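Please go over the structures that come below.
Shared between the two complexes below is subunit A, which has subunit B as its partner in the first and subunit C in the second.
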Partner chain A sequence: MLGDIINPYHLQIISFILINIILGISIYITLSSGQLSLGNAGFMGIGAYTSALLTINFDLPIFLGIILGAVVAGVFGILIGIPALRLSGVYLAIATLGFGEVIRVIFVNWESITQGSIGLSGIPHLGRELFKTFKLTGFDPDMLGLKNNQFIYLLVVLILLLVNILLVWFFIRQNKSRVGRAFAAIKMDEKAAESMGINITYYKVLSFTQGAILAGFAGALYAHVMAYISPADFAYHRAIDILIFSIFGGSELIWGAIFGATFMTILPEALRFISDYRYMIYGVILIAMMAFRPQGIIDVSLLKWFKKKLKLKRGGSLGIGTKKYN
Partner chain B sequence: MRNSFKKVYLLISVLMVVMLAACSEDETNATSEKSGGPVSAKIGVISYMTGPGAAYGEAITNGFNLALDEINEKGDVKIELIIEDSAGKQDQALTVAQKLMSSDDIVALLGPTLSTEMNVVGPEADINGIPIMGTSTTAAGIPQIGEYVFRNSIPESLAIPAALEKAVNKYGAKKVAILYGNDDLFTQSGFDTMKAEAENMGLEILTIETFQKGQSDYNAQLTKIKDLQPDLILASALYNEGAVIMDQARKMGIDLPFVGGNGFNSPQVIEIAGEASEGLIVATPWFGEKDDPKVQDFVKKYETEYGHKPDQFAAQAYDALYIMAEGLKNAGVADRDALRDALAEIKDLDGILGKFSFDEDGDVIMEPTVLIIKDGAFQQFE
Partner chain C sequence: MVLELKNITKNFGGISALTDVSFQINEGEIFGLIGPNGAGKTTLFNVITNMFPPTSGEIRFLGEKISGLKPHKITDKGICRTFQNIRLFSQMSVLENVLVGGHCRSKSGVINSVLRTKSQRKEETNSLEAALELLELVGLSKFQDSIAENLAYGQQRRLEIARALASNPKLLLLDEPAAGMNETETESLFDLIKKVQKRGVTVLLIEHDMPFVMKLCDRITVLNFGKKLAEGTPAEIQNNQEVIEAYLGAEEDDEIA
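Moving on, here comes the complex of A and B:
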């Protein structure tokens, strides 16, 4: 039954995909107002360490820990954002990359609290803690025909999925709102946007902070899914990985970040059968991508073409006019 | 225009389908036969085979494969290894561990390579009740993760005190200086042991200096150490940084012996630092020149098979598979829980590293060999 279909291996991959999607969106949001920030690995680390330390040392519930992790990352986002956003383009990228490294070095050196490069182990695990509460209420996964670990990972995936749906929904709404339009205007031309009466400092800090909050949120989730974090997890490799999610998938649309994160997470796993060569293929795909489709896989025109296709098909088979679907 | 989109879209969808299909390819393989005869079992291996640390993973898998052929030839147990790559990343190690654990006919896991990976994989294996044994995880606290977690690699807490004690006795050292890399789990954990042990032995610690991975200039730290005139320098470093440190120290006129941890123990040190490496003292489970037919036999076989001398990672992996085989033989069935109990019972097993036993946590009990670099080669230190 259900127990035969659900494989913890697949659930594990899906949960990483879902976390990476949040990271992908976090950089998409800053990119959508024309800022290239590479500090998201640092914000992710802040979120992860905040939540992990709070739940370990003060027995805070995980949900509260994760929210506080995101909030603290957001506060740092505002503090860093206000001075850093005087810079733009490559200069901003380098400044934020530097910020990320500073954060990592602080984790390494603040040994009394973060245990340095040994890392924090024994972080309460999202699924296992929930499982305990379920057990207390007398629920047994056997009732669904599931083993304990299947149930634990199913819970994790379901929670992450819910969070993802809410986030995507929120940001699609935002894109169509005054805020999203302001972001787009700033991205196109800062001066023109300012002359139209858009408070660019406010909106730039807003998008930067939203990115920081999301990255911190994803970091906190990561900590509670891995149950172990170390400063090396939040080095600049991570920042680059996150950037690739959005650039590969297409940075114009939120779907690009989602697709990029999904594809880039599945790819190394799917290429397992060629073992030693898999990262070579990964590299080749990235190069080919940048050469043939520098705007990313999914862009506005592809989405339009896809919608039109869909419309034509449905319109044709059901005999309904195309207007309804606009 | 439209055509090209079509093609791109088609390409993407085909790629995605292929990938999804590849994701779930396995698990159709035959299950282990249980009808009499020798126990046959599958063991999953998680190894670091792509990325900057791929050399470790390669040595480890070579060690496994060599032992595998011998064990299967002997015929007491039949083992099949399923080797997966973790790329040295925790998340990949965890995913691949899930993959291996979810297949019911895999009775045990070997690896992962790094202690950071083990910190993530260990608890998961323990919850799922599958024995897991690290062959290269030396950080403190690994076997204490749970009762299904073992290791056969000598932890720093065993190796460093042994080397330190011999060095202090020989040179009558009273004052030491410590130098360590603080951004790496391995060297950090080695430093913690060094400091504790030095305090324990009543040595005066003159200074503690730090450096970072990939640093190339150590003159600031070394000048300070030189001015303080210690009797001995304790360096918790990996061999690539460690060799450079020794080179610069000798150039500066520091002729003191160095005591290093497990990561400092590599023939590469002699290659990189040349004469400057003279006087490095390390404790190691593995000494390839040992006068033991078993060891010489292994070295010879390894060299003909892979074209170079085995290092300690290969040797530890080789012994680890023998420990697993012994456990399987004693358990009598290919069952995860039975294997765990049988592993915990293992005592004084003769391997190429020496006599091996597990303590009650699943950690190593073994006498390490202390070596010193002299006349351009590692020699036993008396």
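Moving on, here comes the complex of A and C:
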């Protein structure tokens, strides 16, 4: 029976993975134009607080709240992205880290609205709200052999999965286009890119803002999946986590961010049985990784090797996704 | 007249890299820019493409003032360049490099690219065809899927030319295209530049290989210490006493050496 297999705890972890994947993609997209941002935790916080406050105080539908959360984060992305153009490399990293901390401190101190460090609770839960709607139509999870709780978490996972698929589709297509080539060109040589007629101001702000929108979007989803947020959720360690997703998995490809987010979310859970040592192991893995595979687990050559294997298995007849100029 | 430089001066702090340089390039010409190391040749390229703006003076391209425009706008107007120290997108494939060169001749944005609209697909096909044709021109067709940094030095130089041509320039700036090439490579580069000229592209090039410059160029300007020393046909330049002394080396110098 479906009801026996589904464990809400596992579903919860899967939803975290899916949210973390969006965060991983948010940093991947900023990195793809060569900008190292540590401000994505701040953008995440902006998205989370915007959506949470709008849904709590104004009874806005969750759906709308999440979109507005992403939009507000995007607006901040443009505002930060333009002055940040003057900076690059570690200087940009430090400046964006500073931005993230400013945002966090605002959440802590603007108590009349954000409840300070206590955080916001009672945020409408994505799954529960949807469940209510389902109930109105006369649907009962029992029909699937599921308990209410299982059904709610399953709904969340399914929605997040759908969102993830859409995002990956979006960014893969973008990457294989003129826009993606412009990002890559700027990353590899900004001066040469400019000489080839690429408006680097536009594309750098575009990629920075896309990252901000995604982080805000992920933050808003996070708020409605956790139903509780506090400023500590968006502190700088979160910014580092997000960066690690992409760097560990491989920052050249979107698959790197996806793999990194998945692996880095599962690892601490999988190591729970040796709770005292798990963060030590986590650290050792990171160090080993940077020593032996600094480009990240998944890189272009690995993907090529994989594609070749896949092709051999299929008898080498299919050409899907191997168009010469991809 | 394709390009007109009027009294270009460029100072870096107290150092004057270019002083009052003026010249004009006619349509369809191959125009050479020569001079000893540090004469300001590359600086002049950077000023023309506005990588840094001139301290004073004016640059007109096809009768239109271009000094002060952003570099990508200048490429858009029809001036594209190569670099002295090759600056390819090293991790990209050869074909992708050329496709990036065509950036300003296409316009699909994020939405069109993601939805793969009809106009976007048509544009991609056109860019691809143009890029393949250019790779054919520079003789790199069979390397189209190689990573740019894995190409041999001479091939990288040719790829830079293909990438610049992808922006469909009216004026092509080549910064020491023959540097580091052997004789065979230089010869085929000569043919390539002639072919580029036949396509209706005006060429301005910096080069140290004198036999190459003298054979290739229609007219030459000589720079020395940031100032224009002479201008004329290769024959005139070769017989110009000042140039011989300043650049090609006076006879006494040879004896001392």
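By definition in this document, the second predicted complex is superposed on the first by the 315 of 326 C-alpha atoms of A that agree within 3 Å, B and C clash if a C-alpha of one lies under 4 Å from a C-alpha of the other, contacts with A are read in each partner's own complex, and residues count from 1 in each chain.
The definition used in the following text is that a residue touches a chain if its C-beta (ideal position, glycine included) is under 8 Å from a C-beta of that chain, and two chains touch if they have at least 3 such contacts.
As the structure is a prediction and not an experimental result, all values here were calculated from the model.
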item	value
Which superposed partner A:Leu302 touches (first subunit B, second subunit C, both, neither)	first
Contacts of A:Ala215 with subunit B and subunit C, given as first, second, both or neither	neither
Subunit B versus subunit C as contact partner of A:Leu92, first or second or both or neither	neither
Subunit B versus subunit C as contact partner of A:Ile159, first or second or both or neither	neither
Which superposed partner A:Ala192 touches (first subunit B, second subunit C, both, neither)	second
More subunit A residues in contact [subunit B versus subunit C]	B
Touched partner set for A:Gln174, first subunit B, second subunit C, both or neither	second
Touched partner set for A:Ser230, first subunit B, second subunit C, both or neither	first
Partner chain in contact with A:Ala48 - subunit B first, subunit C second, else both or neither	neither
Common ground on subunit A, meaning residues reached by subunit C in one complex and by subunit B in the other	none
Residue ranges of subunit A in contact with subunit C within the complex	170, 173-174, 177-182, 184-185, 188-189, 191-200, 206, 324-325
Residues of subunit B defined as touching subunit A within the complex	2, 5, 8-9, 12, 16, 18-20, 22-25, 49-51, 84-85, 87, 90-92, 94-96, 98-99, 101-102, 116, 119-120, 123, 127-128, 139, 141, 182-185, 188-189
Complex interface listing, subunit C residues touching subunit A	49, 51, 70-72, 75-76, 80-81, 83, 87-92, 95-96, 99-101, 103-106, 108-110, 113-114, 116, 120, 123-124, 127-128, 144-145, 163-164, 167
Residue ranges of subunit A in contact with subunit B within the complex	7-13, 16, 105, 108-109, 116-119, 121, 125, 128, 148-149, 153, 226-228, 230-233, 263, 266-273, 275-276, 278-279, 293, 297, 301-302, 305-306
